Structures are given as structure tokens and as C-alpha cells.
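Paired with subunit B in one complex and with subunit C in the other, subunit A is shared by the two complexes that follow.
For the complex of A and B:
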């Protein structure tokens, strides 16, 4: 399956991706309506674009008490069925990356659905930070790799 | 192998699904005393609020059991006979197992108040409860809710949204003691009162009386009384373990299990609200009685029953809900204590709050009220609490620290960790 890269060394925080997403998903240009979010952190000099990684064994999908989160068999995207979502926000608490947002108008959770396989954010990225690539071994085992990452942080801690 | 799973809610389903990821062939029988088609208790208040239709309460489709090559039967388990490896059902039938998962969940408790039973007195726990309550959820009716935990407040909000006159009676002098700290509970209390609910704290109900005109009259210790059309009792739950008492299984508050969800008896596992499991934060084993813990422990049990070598990291309590036009969430140890540092977000307006508790730089819990962005922050903190990763820095650096972690993770993607 294909995934969207989020290259922190290339992103320039132009926020084109946010507008592209908002326009595609909500028909307007409101950052609040975008499923991808970009932040610049001055203290640590980081440009960070963030959108869903469509994890294998996704935390959000596993935990949703309304069975409102499914995997799209065609694109592989983890999607929220808004008609089933009750807006309890459990998925927002479950995502360790902060990639699920709340739709304040319809009072349901909202996230990236890979635009049916043609992500609009990628089309409008000017720096190459976002690319829609085949990435079998890395993103696929996101949950396992993330656990290793946390374990490593934890070890560094105790040094 | 013959597998029996008792219960088909979060833990039972998690158990079945994880078991089938490894073992496609063993015979599996799921026993339920409620609907064969699995439903979600969490959704019942949303159904009463009419946010979701009845059919959306069901969280697996009708072909679910056949797809998973499992049989589902309806029945009440009377007795567990570990020596014979059998269970006895109410209709007299006996079923044999090689491995058994007890995922019987919990049931609401009724406080010992004289008169608190009979007509027009309900819990909000089962599909049947919700169906019974739906009849009474009519605009203009009066409802009293006893207790102020998650279920009670969700029920109160549903009733308010449907145009009922709602009173909440809480024994303690504050709401939600197991899910919020005092000041956060205070903010929510204000929101609840502003919404038009009559919320009475520190109020002891002494007696409930059926009146001649078909109403209920509550007498309080302070001498006041309140008349209402119906009552919802939401004063906590207890594990469903009556059928296994005295069979030799180790019970404390619930069935005591190890990190593989094994009880002390061979071949018998437990998960969900009925199981007392290791805590993510160390200390004594816990029953959090929460949906996420039920899913996690059910999945661990299922994998282990199928022979996988997995181990539970421990339950980390996490609560979140949106009600009264705000969102509250908490996890871990969220109450201030002498050995804990508390980071607060001072940039938030008065009706919002975010607090993070740390012990020697390591986050151990957090609690928030306000926008869903705060819940996102809690989500990003959660793995750091579980992993005991320190947050070196100052409170105002929190977002930058979390971002630095994520950026570091993205950089490492695809590389071997």
C-alpha cells in the first residue's frame, strides 16, 4: 500500500497542504477543516507536517466503541464513517501522533482518508516533504516500530 | 482444541478476533445472555439522545460469527466446573472446553436505599435498559439521576438534549471522583448547572416512595424532597462473578490474572471488566472497567489462548467524553500529590484546563477539559506515560517536546530501530 511521507527536513511550513486538504474535504480554505496539520516550533526549530499514517493494527480502529473506523480495502486508508461516529473522541485520545481531529460543526471525529488514493495535500506540496509512495516495510509496521522508538526513548532516559 | 468464550462485548470480541488471527481451526463457542449480535454499551446514551439510530448500536454485522467460524449461543452460565473442564448452563446443558475465556463484564449496583426498586427505576447499562428508557424519554418529563459518573452524566445529557427536566443527585460533595480532579470537576459542574440541570452535591437519599398518582418521591437526609417521573441509578458497577465463586478460582475484586490473562486455574483466562489486571503504573492489580482496557485485555487473552507469546503492558486508565458542549479526558494518575509536579497550561481561558502530573520528570497522568485539541495532547502523552519517558523541560515547552519526539520518529522511519 502507498503512504504519505512527512519529511521534516524538507517541509517549509507553507501550509499549501492544509488549504488543499480543507478545500478537498470541506470545500473551503479553513485550517480547522484540514486533516493534515503543519506546525513550526521555534524553540526546537522543527517544521512538522502531520497526517494519518494508516497504521497496521491501528489503535483508533481497535478502540472505537462505535465500530465507526474501518480500513478501506482499495486504498488501505483507515477511515471514519461519520454516520456511525458518535463523537466520543476516544480515537483522538488513542492516537499517539495527534492525527485525529474533531469536526466542530458535525460533532464527529475526522481524519485523513487518502482522498480515495489521490491525496490532494501531496499534489500541492511545494517542497517534496509530502510524497505518496509505496512503503512496504516501514509504515506498514508502524505500531511495532513506534513501540521500539518509545523503548529507545525510555532507555535514553535512564542513561 | 475446544474454546469457550463467555461474553460478547469488548473483551469477548477482542478475544475471539485475536484468537482467530492465529488459530483458524479450533472450535469456538461464544456464550451470551444478551443479544447474539454484539452491541456497544458505550453507545446507549447516544441512542437515547437520538444521535445514533438503533441499528448503529450493533458493532458487528450478522455474518460476523460465521465469518469467524464461531458459534454463538444464548444462555446464562450457572456454574464453572474446573475439574471436569465444563460449564453448566441454566437450561441444564453442559459444555466442555480446553481453554475458557471469562469475559462476563460487570453489572450496575443498586445502593441500599429503601424503595429503590420497582416501577420507573432503571439502570442505563443494557440494550433492554435503553429500550425501556426510550419510552420514558419524553419532552417535559422529570428524571432524577442518582450518581455522577460517566454513565450518569451521559444519561443526564441525553435526557436534557431530549427536553426532559433533569436532576442529578450525588452523595459526595463533587462529581466524577474516579475520572477528574477536583478543579476540573468544578469547571464541568459549572457547565452542567449552566445547561439547566439541577445538580445537588453532598445529598444523601434516604428513601424513595411511590406516590398515589404514579410518581416517585425521593426523601433526602437534609429534609428536602423531590418528586419525579422516573429514576436512573448510575452508582457504579461490579464484576459478574457469582457463577464462579467457590470453584477455586482466585478472586480479589475480580478474577486475578497475570500478564497473559491467565487465572490460577489451568486453561482459564479472564479479560475485561471481570478481570483484575496488572496496572501500567505498577502497584496492585486493578479493575478499570473501561472499554479500551477491555479491548486490550481481550486481545491479549485471545492471542495467548491461541499459543502466541504476548504480554500485557498493563492497563492505563483513560477516560474521554464529550458532553455539555465541552470535552473532558483523563488518564493515569491525574490527582495532585506531594511527590508530583503539576504542569498546567496557563494560556487557556477560564472554562478550559490542562494538567500534567510528573514524578521525577516522568509523566504519570493528565487531565483536561475544553477543546478536543487538549485530548490530542493527552493522546501524544499516553505512550510516554506507558514508556516512562521523561519530559525534560518546562511546562510551556510541552508542545515543542512532543513535536520533537514525533519529528525524531519521522526521521527514523524506515530505518531499523
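For the complex of A and C:
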């Protein structure tokens, strides 16, 4: 399985990923439709991209009363089947990372599905902060990235 | 899957900005349906920005001009394309017979093509006997090119991938050159220091190790201060200085006055920061890549500020080094220009008397002088213009004058994809071909690779540049200059001396290396391309023209002679991710993401003015005024008293307030980035 990894020391919050995702979902550059969110936090000077981590034990999948959330066996992605979603928003409450949002027009929950194994956000990430890599490498990669994140936080706090 | 089989796939190069990323283009039933990044391309490694994807929107846009139009009174009438060419040719001939050959001009914009397009425009201008080739370049890019060329004979390319220290000075690559970001942050991952010098906390500044916030137009003082510190710390390359430079002693004497305290006073940067960054840079010699951005060239002292930055290369010894500022070799393409066969400088190219350096170095006429020439007829009448893919009514300074001048032309032909503010002023609007509708050569100097963009679709009536010039040349009796059947024959001729064929290029969509990279070429027989053959800390060439011998620092007017009536300073032209200058505003996606223009102001200024985000203010300079919504930014984004407006919006065109007549004395670039303004909240009378 491959994961999207996010390097907070490379993201410049250009929002290409958000617009590319929104375009894929809704044919428009509307951030509300994006399944990835990036934000720059001025006070701590941190760029933070956020998207679904496709957890091993996915609480959203477990809690969904409509059985609308499944794991895609090919890509490993946790996916919402919109046709089955009843819009109860339980998954949104269950996700500890806030990576599921509600589509107010179609009244269903929305989240990243890894674009059938070719995530659009990664293809449009011009800084190289987003990578789509094998799980084994991603654990290693995430640890390095997390260490850099901690270093950057403490460096900014010391300034 | 059956559906996918009928989709055709092409590799090409993107031309939605200057980056020219490798792309895949997918075509279904003759219509382009998708564009993605080309994984194997050496520049972008499969990634593109959303602006690149907008190529699909551009080529298929419902508002594209697909029929030739002729102005009849206040209306447009459709006209047959060949008839339009006939009429235009007759009018040019008549105009040139009446007013002289030089009364006709060509203007190259950036919306359609690139290198070949530019050379064709230059070729046609001279072919019809006029020296008046204009382009966007007399206010963009060329200022930095000249600034660097005066010092090093060239504008080197930054080898960010291999650098230990990247200095991004007055530029925001994530928006202006998106895939440069990968290279910069890739270097950061390998331990390089990233130093960003800017008036705004830009996207790239968010990932800088050092973000140095500077007052607009004071960059020269900082560069000279860094130089002084490097010399004081003896953190300089003695070998390079003694072997390959000219004028070091005088330069060192001049920079000695730029102490950290003086630099703090001039630039607003704390003295200890000046010392600190000089050491951060100097300690990483020679693998230092310094990129001077567009932010530097729109000032009254622009060229000398850029020279001051260029001079750092002489101290650091990073010129033509791996991981430094690399002097790329060019492919041996045959040139299309006629400057050798048919030099026309004796016909007084417009602006060449006022700004001879601009013409010496780049053979560019000065567009701002061009507007005055049209309106005054001095020094001679300028009556006709063909403009391709440019929008000076929005992007040249002092728009009111530009509109008045272009309207006053006897013949104004615009070749465009869309009905721009400039096209609206034309006598004829001809449909143009986008970058997906013609083939052209491109090269990426940093990798020394060459590639070819392809004609993937065609539209009736949309002649690409070569065909346009060829057809018109035939009617003008100068067809001998355009003997090639089409762009393929033309490209073959251009490639003739390179040993590379079109087939080679098509077989290498990743970019074909035309020469392996060599470093420190100045040590061999290839001297630097300056008059002395050396790195010029001082310029005898400029001195002969009566300009500063040294990269002299002259503070901006808003600091030396503050005008209490105009207390704020306005910088214009910070990029947005989807836009390339005036383009892409007509695409729905972009409108959704950024619905309106704005003026960025500091929270303190907002408080003083009593305005908040979304309020409309009137921004006024001595040139004019414009109404625009306010965007109050975080206090770290911009300095108090400094404001920013992005250009290219017809809804609030910032060039209504910019100066066309306050120019850098050397290259004539306009003052766009330290304009004195006043801001008044616009009283909303709708509720009264």
C-alpha cells in the first residue's frame, strides 16, 4: 500500500493541492470541495497540510452506521460510497484528525480516496511536500518529517 | 477501458508561464481534455501547477476569438481572414509610404509563444524596414538581464539543486516559477540554507531559514552592506578576485561606507541581521545560488541595485560553479533576427536615444517612450502597430495614457485568444493560435536541455505566428525573409547547426541534453562576455554613457523626498498562483478561488484608515486613482506603510496609478514597486 506523506518543512501553502483536489471533485477551484487542506499558521510560522491517513483501524469506517465507508482493496484507501452515505456525520465526529468534511449540497460526507491510486494533490504539489510512496518508506519518511517539524517548532519558539 | 483507447496522448511543454514544464496532453475526438505533468521531464518531474492545467480551459474557452474581426465605427464585423490580411497589408504599405518605414511597429506579448515567436517578431519588423520592435521585455526580465550582464556578461542560472545556500531576492517562485520550488526545497532537504529577501512574507518565505523583510527599493544598500561584511570578515574568494575581476579596489572602497548601521537606516533591516546573513552566505562559499527577482527591477535605482547584487558573485566566487550561479551554454540554434543583415539603428529605434543600454544589450524599443511618440509624433510619427498576445492596456504603466495612445494609432492590429482590454482598442482583431496549436523550440538552461512543444490541435482561422508573418510578408513584398513552408521547416532550419533533428527531440520528451555542463568556463579560453572579458565590479561602458561607474546606491524618492500628501508606498505585481500577468482572469475556476483584486495593507494602517477587509478604498498617486477592496494581512506579511496590489485586473487596474515617466536612468524600466500613494476609504453612498 502507498500513502501520501506531507513534509511540513517543504509546504509553502500555495494551495495547488487544494485547487487540484477541488477540481477533481467538483470541476472548480473551490476550497470547500477539497479533501486536502493546507494552512499557514502565522503565529508559529508553520505550514500544515492535512489529509486522510487511511488508518489501519479507521474509526470512521467502524462507526459508520450505513456501512458506507469501506477499504479499497487495490489502493488501500478508506473510501466513502456516496450512494450509501446517509449524511449522519458520525464519521466526521469520529475522525481524530478532522480529515472528513460535509458536502452541504449533496448532504454526504466527503474524504480523500487517493484518486484510484494517482492522487491529484501530489501531481500538483510543486514544492515536493506531498509524496505518494510505499507504506514501508512512508513510515520512515514520516518519522524524518515529524522530527523536522519538531525541530522547526522549537526553532521558531526560540526566535 | 474502451473509452481510453480513443484518447490520444502527446508529450509537449507548457506555456502558461515561462517555466515550460513537461506535460502530457490528452485528446479525445479532436478536443484536448486533460493536461498532466510529464514524469520523465528533467525540470518538473511529473508535477505541474493548476495554472498548467488551465491550458485545457484556455484552448477550449467558449469566449475564444475564432473569427477575424474588423472595427466598423463602434461595432465589430466579421471578416474573411485572407481579406483581413489583404486590407492590413495595404494599410501598412500606405502608412509606411506616407509616414516612413519606421512609422510601423510590432509588439510581442507573452500569451502565445516564446523564443521563436520573439525572433519572428523581430525578423518581420526589420523585414518591413522598421527598427521598432516592442515587447513586454522593456519592463520585465530584461532589467535583471542587463544588471547582471553589465557585471558578468550574462545572467547566470541558479543551480539550486546542488546549492548549499539559496538566496531568493524579490521573487516568489511558488507562484511565478512554480517548479523552481521543488529545486529550492530539495536543496533545503539536503541541508542548504534558504534566505528570502522580500518586502512581503511570500509563499517561499514561509519555508525560509531566514526571511529578511526589506523596505521597497532599498535592496542595493543591503547588497553593498553584505559585500562590506564579506570583505571585512575576509570571507571572499581571493583567487577569483585577483584572477578574473575588474575594479575590485574601487568597489571595495565604495562599499566600505555601507556599515550594518547605515544599512539598517536605509533598508529597515536590523544591523545584526545584515551581519548574520552575510556570514550565512559567505560561510557556504562557493555553492551559493542567488536569484534576483522581478521585485528588483521596477525602481528608479533598479539596475544599480541589481548590479550590487550581481557583484556579490565576484566576492563569493560562486559564478559558473556547481551549486552556484551557473553560466549555461546555449544550443547553437540559427538566429532568425536580421540585426546583422539589416541593422536599422540609424533609423532611431524608439527609446534607443533615451535608453541606449536597453537597445545595446537587448535591441528592445522602449514601450513607454513609444506611447509618448504615438501621442506627440516626436521624434517622428509612429502610426501603426501589430501586437500579438499582449495586454499593455492593463500591464503597462499609466494605463490611461496607453489606452489614449493605442486608440490614436492609424492602424492597430491585435492577434489574441481573447477580447482583452487591449484588443478592444484595435482596428482588426485576428484569432491567434495558443501554445497547443503550434510547434516551437524551448530550452532549459540549467539542465542544458532542449525540447519541442507540439501542434496538437488546430482551429480554423487561428494562424500561428510563423504563418501570420509569412502570409503578411508575401503581401508586403518581403516574402524572401520567410521562405520556409511551415514551422516544421523553420524549426529544421534553426536546428541545422546543432546536429539535433526534430525526431531526436520528439524521441526525448524529457529534454535532450545539447551540451554537457562545464563549470568555471572563464578559466579556459571563454572569457566572460563583458567589455574587459572580466567580472566587472565597475563598468567603463556605463561611465562612457555618463552613468554610474560603480553600482551606486541611490535611495528611493519616497524615502529621500517624502510627500506628506502621499504617505503610503505601493508595490505592484506580486504574483498569484493562477495568473500570468493579465491572463486567465476569464476562467471560472480562478474567479471562484480569487473573486476580486485587493490592496494588501498592514493591520496598523487599516486601523489608522478605519478600514477592514472587504472595504473599498480609493488609491491615488500623482498619476491617477483606482478603487479597490482592502485585504488586511497578518502583521508579519507586510511592513506598516507598505502596500501591494497585483496587476492585471481590469476591475481595479493598478496601472492607473503607476508611473510611465519615472524610469531607471539606465534601462528605462518604470517605477512600479515604490509608488507614493494616498488611501481614502470610499464612502458608501448606496445606503444614504
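Convention: the second predicted complex is superposed on the first by the 136 of 159 C-alpha atoms of A that agree within 3 Å, B and C clash if a C-alpha of one lies under 4 Å from a C-alpha of the other, contacts with A are read in each partner's own complex, and residues count from 1 in each chain.
In this text, a residue touches a chain if its C-beta (ideal position, glycine included) is under 8 Å from a C-beta of that chain, and two chains touch if they have at least 3 such contacts.
Since the model is a prediction, treat every value here as computed from it, not as a measurement.
Enquirer: For A:154, select first, second, both or neither according to whether it touches subunit B, subunit C, the two together, or no partner.
Expert: The first partner, subunit B, only.
Enquirer: Which holds for A:9: it touches subunit B only (first), subunit C only (second), both, or neither?
Expert: Both partners, subunit B and subunit C.
Enquirer: Where does A:94 make contact in the superposed view: on subunit B (first), on subunit C (second), on both, or on neither?
Expert: After superposing on A, A:94 lies in contact with subunit B but is clear of subunit C.
Enquirer: Tell me which partner A:106 touches in the superposition: subunit B (first), subunit C (second), both or neither.
Expert: So A:106 meets neither subunit B nor subunit C here.
Enquirer: Applying the document's definition of touching, compare subunit B and subunit C: which contacts more of subunit A?
Expert: It is B that touches the greater number of subunit A residues.
Enquirer: Going by the contact rule set out at the top, does A:66 touch subunit B (first), subunit C (second), both, or neither?
Expert: After superposition on chain A, A:66 lies in contact with subunit B alone.
Enquirer: Touching A:123, do we find subunit B (first), subunit C (second), both, or neither?
Expert: So A:123 only meets subunit C here.
Enquirer: Touching A:74 in the superposition: subunit B (first), subunit C (second), both, neither?
Expert: neither
Enquirer: Which parts of subunit A are in contact with subunit B and also with subunit C?
Expert: Shared contact residues on subunit A (touching subunit B in one complex, subunit C in the other): 7, 9.
Enquirer: Quick one: which bits of subunit B touch subunit A in the complex? Just the residue numbers, please.
Expert: By the definition above, subunit B touches subunit A via 10, 40, 42-43, 46, 51-52, 56, 59-60, 291-292, 295, 299, 318, 320-322, 327, 329, 331, 362, 371-372, 375-380, 382-384, 386-390, 397, 399-414, 417.
Enquirer: State the interface residues of subunit C toward subunit A in the complex, per the touch definition above.
Expert: 36-37, 44, 46-50, 53, 174-175, 178-179, 181-182, 185-186, 188-189, 203-204, 206-207, 577-578, 588-590, 592-593, 634, 636-637
Enquirer: Touching subunit C in the complex: which residues of subunit A?
Expert: Listed in rising order, the residues of subunit A that touch subunit C are 7, 9-16, 19-20, 23, 27-31, 40, 42, 45, 47, 123-129.
Enquirer: Along subunit A, where are the residues that touch subunit B in the complex?
Expert: For this pair, the touching residues of subunit A are 6-9, 39, 41, 43-44, 46, 48, 50, 62-63, 65-67, 83-84, 86-90, 92-98, 100-102, 107, 135, 137-139, 145-146, 148-154, 157.
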